[in-house]
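Two complexes are shown next, each including chain A; its partner changes from chain B in the first to chain C in the second.
Up next, the complex of A and B:
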């Protein structure tokens, strides 16, 4: 099956098995090294990518579903300016707090932190009366959202600290720009 | 890399009539909704795990994405994601359905999983059909018959075969799910965390009833054992219906014994599943006992 899609800003065309998982397409057809797992749908959470700006587990997306869509992997965070700025915020938060995800889950966790921070900031902007210090995710829903990554290198306390730190750094940056 | 081997043809109908045409002209087809179940099968790629030469992807059929509600019922197209059901229906849908959807996992999974897919998983039962049976929900099926697409509504409980599996008629497509939006006055749902990953020891239980004075009416208990199937019966419901609370310990023990005699006669059940069901029934009885004992005297 011929599939055309945009991966990390590049328009690509492949001839693929129609039910090949996206995680294997990225590893085998694009030689991406930042996707380091193919758990065959066991939800290890280490193959997280953005499909049309929504996070998905790439091992659960068949090739025929990516036709005409935009895929953003961690490579975008390294190469594209817009994402690189976001990565800098996250890196700064890791540095400030002295907490870092392990090498296995670094890419997936970073994408997930970025996505959750964007939701938190959007919710703060939607509701001006909403106390900006309050968390739109209660503990239970945060545990649920983070449970997609099975790696145990971070606990909930670390996650909350990091999310809060990224939010502060990002809001400051956006505030400076505007 | 195994490109070119066993690559199924993908059909992406835009309407239900297009779907009907594809079904008429192709044999050996399999339907693809969100893919969350199919993609977790160990042999999905590169083998012929789907067992077919043709995959019909339902994601682009607009009719299957609609949802609407009136005063009495909410209707969801089969391709409505569970996340959308839980968020848009949070205020109106019965609480046990919302908590069932929330128990499935994070939004990354529930955004892809669809209500139709959750009902029609082939060799394993998810927790959703049990809850919908407890809520007396109905489904609409589109069946290809005599070169035409026919439509039929049926209660979900009627589509469960004698082995406890949800089964659609051959060549049928589940197109809509209709859920009554009245809230039963007592409802409780429980599901073990690793329902999909450890099916042998997992169990989901949905219980609804109307609580009038200190008596249970219209009770419905549905137990889902992912490997064995869905367990429900009018006999079980009758055990709970017309019970007057608070219950004595001996009454609780006899309920438990009758319940397990019924389940064990038709389903294989592990000791852990047995313990979970016992604890659930115990919690329900305890809660209703407390409710009966703390009622104002004028109501008693």
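Up next, the complex of A and C:
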């Protein structure tokens, strides 16, 4: 099957088995070294990427699903300036708190931390409307999203601390710029 | 560390290893499709001259030849132009096997290790019947860990030299294995170590096997060869039966321990395992007579690697589990019982020197106060009696202990792992050691050496020599030995070099042993700790959920508290996971550290201690919830459900 998609800002075209998992497409067809998990769908959480800006486990996404979509992997954080700045915020938070994901889950956790922080900042910036009837924004539900990564190198208490720290650093940076 | 070398796909031979799905069978051959000249196959029968790798006096086949001993044993390697086609071809290859006529011998072919003091003979039944008896069975099943991460071993030739790029915990094992199988001189084997995080020591043995396979095909084809595989390792299974007899006053008289160890199909370093386990079995409570026996068994399980422990953690956990049960004799809580030990020092043995029990007691009191252990333990015990059908599902467990690190004195002197520090004519310090590449402690080692030369004007810098054929073998990166044993040795060597450099002509070369081999005992204590674990078994799914842990460590040296804290935390969380525990969303870990001012320079193996204490305190908490049957590790919801609800149906 011919598949066209954008991976880390590059428009690419592949001829692939339609059911080949995205994790293997990235490892074998794109030679990416930042993803090397292959749990065969056991939800280890170490192959996390953003598919159209939504976090997904790439081993669960068949190739036909990526046709025409945008995939963001950890390579973007290393190569693209916009993401690189975001990575710096996260790195600073790790450094400040002295808590760091292990080498195994570093890339997946970093992508997810970035994604969750963006949501928290966006939600915090929304004007509260009392008559809308919507449920108040709950950070805890977002924190629990992190448990999709099964690595045991950190607990949810660490996750809360890191998310909070990244949020502060990022808000400061955005505030300075504006 | 240099960037990993990458080859163009069209020149690279891609390989996969076929692993057996059955054990204890005879391998007759393979049913495989017709393969064209783009593919190469390697089986055990192709390895004519040398077909095994060996270390610590044991050997293991690279590829199974006649008999398949365990599930997961490599039996064939297939190479082709790309992984996709190799994977496809591999799916069509089926091993032809038949059951073995006679089952392999299960009885231990290894001599047991025994140690005792006090009354050697077993007392008569009549005498024993008059005494109070406490018997415990602690077990940790043999477990295999499969990493979800793939790694690649790349081998290529460059003239006479063979280059190997792989994650590896013991470079010398890879070099010697490849040299043995290819016949290439060790000096012509160049290693490129890839960065790795080995949670279960998965890069200790397997990279040597994979590199050996790849190097054969690389030398046959002349093309670079890459094998893709996943990290695998296994923890030895243990069963400890411990019986203690006490008189009517509660004074402990006899302590009898029997430990059976399942090290899998190819036991490595079994004598060292016995020594480490024996050290963990020694009680710190006073007992008139002690007798322990450790048996190593061979089985058809995956060969056990080190997994951060070589018996000490499991043995210490068993001792701590038993110590908590002893408290029932005196109607005290486990913490009060530990606090009531009146003797001043532990017994001096050939395995460990004695230590002042005061530190132990202080740790006990501190952690019991912080966690309000006594109140919680008593409340849980009372509540357990109150609840009828399902029972009270909260438990709290206590454990204390001390840490050892690295290999025993006997093993260290047999292995002779070395390193070399040189003060050159250019006023540089160079360090030649295989322990350097990718090791996180190099930053500390640099500052340690610099601190010894800091006041000198004629000192330029510290240079760590890169991995080369001349690199000295400093042994495997296991059991925290590169932090805990290597560091004080390095400090002593640097100090000595500083004193001789002004009186002797440069270069001043100092070769030193990577481990301490002059200890009067097999091990030295290097840090103490205490831990309390609070759990709640979920009423819905019977999962043991860990709510809170209090841990207190008293160490002689704390290099960087942040790193130490992080290491301890990871070891605790990892062990909980291995034990089958679930971490609560509101889990709290209260870690505190204290530097005890005894002036000792020994550096503690925090992962070892954390591992043992977590295992023991979790088992004790499980015991409080559901009794002994449930406390065999790793636990599971099913096991707990069966125990709590009573009856297997």
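Heads up, the rule we're going with is that the second predicted complex is superposed on the first by the 162 of 178 C-alpha atoms of A that agree within 3 Å, B and C clash if a C-alpha of one lies under 4 Å from a C-alpha of the other, contacts with A are read in each partner's own complex, and residues count from 1 in each chain.
Everything that follows uses one rule, which is that a contact is a pair of C-beta atoms (placed from the backbone, for glycine too) under 8 Å apart; a residue touches a chain by one contact, two chains touch by 3 or more.
Owing to the predicted nature of the structure, the values given are computational and were not obtained by experimental measurement.
In the superposition on chain A, A:148 makes contact with chain B only, while chain C stays out of contact range.
When the two structures are aligned on the shared chain, A:28 is found in touch with chain B and with chain C. Contacts of A:42 after superposition on the shared chain: both chain B and chain C are touched.
Of the two partner chains, chain B is the only one that A:60 touches; chain C does not reach it.
By the touch criterion stated above, A:18 is placed in contact with chain B alone, chain C being left untouched. Once the two complexes are overlaid on the shared chain, A:168 sits clear of chain B and of chain C alike. By the touch criterion defined above, A:104 lies against chain C but remains apart from chain B after alignment on the C-alpha atoms of chain A.
In the superposition on chain A, A:156 makes contact with chain C only, while chain B stays out of contact range.
Chain A residues in contact with chain B (one complex) as well as with chain C (other complex) are 28, 42, 144, 147. Contacts from chain A toward chain B in the complex involve residues 1, 15-21, 24, 28-29, 40-43, 48, 54-57, 59-62, 64-65, 144-148. If you check the complex, the residues on chain A that touch chain C are 27-28, 31, 33, 36-39, 42, 44, 46, 98-100, 102-104, 144, 147, 152-157. Residue ranges of chain B in contact with chain A, taken from their complex: 1-10, 32, 35-36, 39-42, 44-46, 49-50, 55, 57, 59, 102, 105-109, 111-112, 197. Chain C contributes residues 4, 6, 82-84, 147-151, 195-197, 199, 230, 562, 565-566, 569-570, 573-574, 576-577, 583, 585-589 to its touches with chain A in the complex.
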